[in-house]
Amino acid sequence: MNEVRIGVIGTGVMGTDHARKLAGGIPGARLTAVQDFAADRASALAQELGVLAIAEADALIADAEVDAVLVCSPDGTHAALGLKAIAAGKPVLIEKPVAAERGEVEALMRAEMAAGRKLVQVGYMRRFDPGYAEMRRVVASAEVGSPLFMHCQHRNESSPSYLTSELIIANSAGHEFDAARFVLGEEIVAATVISPPEPRHAPGRQPQFIVLQSASGTVVDIEVYTDARYGYDVQAELVCEEGTVRLRPGPPTSLRHAARDGLVVPPDWRARFADAYRLQFESWVRSIVTGQSNEGSTAWDGYMTLLVTEACLKAWSTGNRIAVEQPERPAFYQG
Amino acid sequence: MNEVRIGVIGTGVMGTDHARKLAGGIPGARLTAVQDFAADRASALAQELGVLAIAEADALIADAEVDAVLVCSPDGTHAALGLKAIAAGKPVLIEKPVAAERGEVEALMRAEMAAGRKLVQVGYMRRFDPGYAEMRRVVASAEVGSPLFMHCQHRNESSPSYLTSELIIANSAGHEFDAARFVLGEEIVAATVISPPEPRHAPGRQPQFIVLQSASGTVVDIEVYTDARYGYDVQAELVCEEGTVRLRPGPPTSLRHAARDGLVVPPDWRARFADAYRLQFESWVRSIVTGQSNEGSTAWDGYMTLLVTEACLKAWSTGNRIAVEQPERPAFYQG
Amino acid sequence: MNEVRIGVIGTGVMGTDHARKLAGGIPGARLTAVQDFAADRASALAQELGVLAIAEADALIADAEVDAVLVCSPDGTHAALGLKAIAAGKPVLIEKPVAAERGEVEALMRAEMAAGRKLVQVGYMRRFDPGYAEMRRVVASAEVGSPLFMHCQHRNESSPSYLTSELIIANSAGHEFDAARFVLGEEIVAATVISPPEPRHAPGRQPQFIVLQSASGTVVDIEVYTDARYGYDVQAELVCEEGTVRLRPGPPTSLRHAARDGLVVPPDWRARFADAYRLQFESWVRSIVTGQSNEGSTAWDGYMTLLVTEACLKAWSTGNRIAVEQPERPAFYQG
Amino acid sequence: MNEVRIGVIGTGVMGTDHARKLAGGIPGARLTAVQDFAADRASALAQELGVLAIAEADALIADAEVDAVLVCSPDGTHAALGLKAIAAGKPVLIEKPVAAERGEVEALMRAEMAAGRKLVQVGYMRRFDPGYAEMRRVVASAEVGSPLFMHCQHRNESSPSYLTSELIIANSAGHEFDAARFVLGEEIVAATVISPPEPRHAPGRQPQFIVLQSASGTVVDIEVYTDARYGYDVQAELVCEEGTVRLRPGPPTSLRHAARDGLVVPPDWRARFADAYRLQFESWVRSIVTGQSNEGSTAWDGYMTLLVTEACLKAWSTGNRIAVEQPERPAFYQG
């Protein structure tokens, strides 16, 4: 395959962003079609980018001009669309979360195993962020010893009114779970959740403090605060036996102005993870062309993140430390 | 009182350091006597500093040339010496921990209340560190809203072989407990402890991860790692509703050399808290001269820190979240 | 034009790097041919990348499979190859410096003007570095006022033995001259050079300190130290009336290890300017496809940088402040 | 001498600050008297601090309760008051500049040599700033090689209307000249001045860019911008053969708030140099008590700084590089 022709399902904020990037910005990729349940929105984007608007997701998946599918539709549709892409034998990159129910991911994995090759990648793009990648490299190389702690902070400037304390765990924290598994290179086995009070400006949404423990004992603590006001901010420090590695995100310049010296903090994730998204797409396209697997999240990774999420929800509602179920990892997903 | 004449009990590493500072470095203070159970050590220091060596602690406390007493002797003797200073009507600054048993601190408090004035200060010097003081100011002013989280890291380069996992909680973590109470301005009500594995180079000593919650719900997480190898490092970030404040310790210069750009990390606490110790002594002396109370830890603070410690030890041994006992605060210790 | 087919002349260190990037890493570009005077070297690279090795530069420029030419051959050949590309009507990106003699650049400009369209871009890739681009944006927007100073430091870890004090000005400093013109958006009119002594480990090579002044009076000072030992380091601070902007380069993580806390400094420019090179190529390819000009250095920019260089060399040899010649800018190169 | 009793001449902003520090904040020192030509101002301060107000400077110098004199009166009176203190055999700390005319400093030096002991210290307090002290240590130890460059920036938030371009060189830059001599441990031999345009909000005051060269060739560049708006900011980077040392001033915390992450920049020098002033006074008092010389600026240092200033003024008015006169250093001021 010389050039990967991509169809995008779902042209909301994220799907539109992704479609624009794929239309010219990713070597070896060509955007050929977009689809959205709001047909007007899809048409407008298709016209802007000079690609086809297809009315139905099924038709897009089946289209002869589509080699691979990017799923950015509403969360509830992710798994079903993934199954259809597998049925069509086409690689599919599914925005996170891969599913809301474990049964859906199990079905995805069964279908993929039946197909005999990995077709699903889950859009946990942080795996392609140079900072997280460096943390993983440090763990794997053991050059400053084994990991003891991983301290994580995830802050949004503000969040939509439908976001609840529960959804903060069920949805916002997912990137952190996947990142911890990726950096540490092992499963999470237990979860504890301790919550501070709701901030006054965001009633009904407690920030969350989640403490995970990995198979070999590393303690991972995660602050998720989705109404931090000052901006979008994702931080992490990995503490190993002999040294620590800290993310150092931020703009390429610092500013001294108006009695402050430092960085401008952006309001959303776009600048922070622009490189990660680009590198994720490049890697996905390369893995399709070469048939080689990449660092991206597999269906298994999506599954285990879901099990961590379930444990956290239970830990939150009970106040107890909850073990994360550890199903046997199929040989298909090993190595 | 024009000049406060100070006697130092205990001339180990810390007592010697303190004695040298008091001998000329603190305005309004004059070192007049030192005592140690190792008489030679006390004599040598007394000669170096031109002060009196006194053989017995009781005699030092009673000495007419001693207006106030600094207790740096072994931990087990702190409370008893404090009682004797109170009996002599002399202000006493006791290195932390103020006592190992709660009964000892209760006795101290009773004696102090009977004396009718505050004579005891506990040497939690971080209260005088400009960084922690700024954090407290930010909380008190509410200028970036109420506190939600306080993330703390305490790392030593290495630790003596007698230090155990338990002592890390019982002793090393004490500064963190007092600092959290000081910054937040309220009591700690619950504790959870989750421990990563022992590092290979320090068998028998698990680093500890302690999660506290304050009366109004702020979550305080504390990493204590006493064998971090790269140096002595104390960090904290206070996360409030609308902004965060982070300690920014370190040397007055940065260095680019040998493929690294950044700070030199010192091996111990001396450089990190030199200002805090100086300001603690200045404040103590000023409070003695003026009779005004200061920001320092009182016997009550030492007591509550001990109760937090007890809860943490129980949380660690049981794996459960443990409530911190909340005795009624005597009026004497209010305000 | 759908895809730009690129031929690379010169497969030394930089040409090889560039060829690898163009072979798959730049959307809309395809590497089709490489050439080097060392035929073996070109063949090996051609084989690695699955492209054609062409024996002669002229043949590469003429090749029907080559739409655009990247010139990475030895400095002395740059201008002549540029002229041939213009003669062939093909866009050409020439590594800096565009020429050693002003007559050569004048010939390039004449040829380009005769051709009636801009075909030459000079490889001052810093214009595509997000940090310098932000500095330019700040100047153009005047959001912190007009520029007063620009402080620049350029440090290499070490340099080849043929590098002389004179070549440090004539060659190493070129990136700084172009960057200053780019950021400030105006010409440099005067130069002063003041040199510290040779470092003991690099006899025969004085670091240089160059002070330029722009048309409106901004003072630009440039340290060039090519034997700094600790690594490759390019810094700049732009001081405007009401605030300053500083480059904040460096790795995506910081490290605490071995008594140091901070950044690892790389030994060469590759990591520092990887984004700049990628963005330069993307922009070049896009400008070829769309026929729109970009932010890249034109032949005029290469010319003016050469005149600044000449003034600096004269300032250095005489010890005087030297005016930079200001030829009239052809309308072709305006706007 | 057990306690040094100090009289302060001049109770303007700086004299008042200093008097308050000396009244209780400096070990071994006691403030006993203050004087100001505005008698009311002196009386009010005397009352606040519980010391004597003396009407005439001569009387203060002569007073039996005054062991040492701090001169904070208007610049034009510094040298004459210094002479009187010498005549009285009393140590005197003179705020910078020590004099406006070289003849005045020569007279001071002659008087001091005649008295046979060093009585004069000039208030260049940066010598006691831990950052500059570390830079000096690095040069003296040669641990990263010999110095090649020293890049300095001095920025005020705003400046009084009487400040002119000339006074920026004659007065504001003095701290930089003394600091460079102190850090490098050698004399400045040449000066060049190049000025950017006046900022629009401060007409009549050009920022200045001064390039000095030391005896062994180190290039020292100094930006002085007294109307920088964003705050008070003093920076410096020392570039040695194998590494660089940079000042790292700033508050003990950093702040994330309102779309910014970094430091709060104070409007004036008080916070920035609070430690330096304290350490300067402590060192001065200790040197008086012990009779040992300290790191402070001597009359010779004040003299040489004045000669550098004269060269800079001439360089500025002529546009030429100007040699700094190098009178022979009296044996009295050596070592």
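General remarks:
Order of writing sets the chain letters: A, B, C and D. Residues in each chain are counted from 1.
The rule is short, and it goes like this: a residue touches a chain if its C-beta (ideal position, glycine included) is under 8 Å from a C-beta of that chain, and two chains touch if they have at least 3 such contacts.
All of these numbers come straight from a predicted model, not from anything done at the bench.
In terms of C-beta pairs in contact, A-B outnumbers the other of A-B and A-C.
Set against the Cα centre of chain A, the chain with the most distant centre is D.
Centre-to-centre, using mean CA coordinates, chain A is 37 Å away from chain C. Averaged Cα coordinates give chain B a centre that lies 56 Å from the centre of chain C.
Chain geometry summary: the mean Cα position of chain A and that of chain B are 43 Å apart.
For chain B, residues that reach two or more other chains under the stated contact definition are 230, 242-244, 250, 254-258, 263. Touching chain A in their complex are the following residues of chain C: 24-29, 129-131, 134-135, 144, 242-258, 263, 282. If you check the complex, the residues on chain A that touch chain D are 230-231, 233, 250, 254-265, 267. Note for the complex: chain B touches chain A at residues 145-146, 148-149, 151, 153, 192, 194-197, 199-201, 207, 209, 211, 213, 216-219, 221, 223, 225, 227-230, 239, 241-244, 319, 321.
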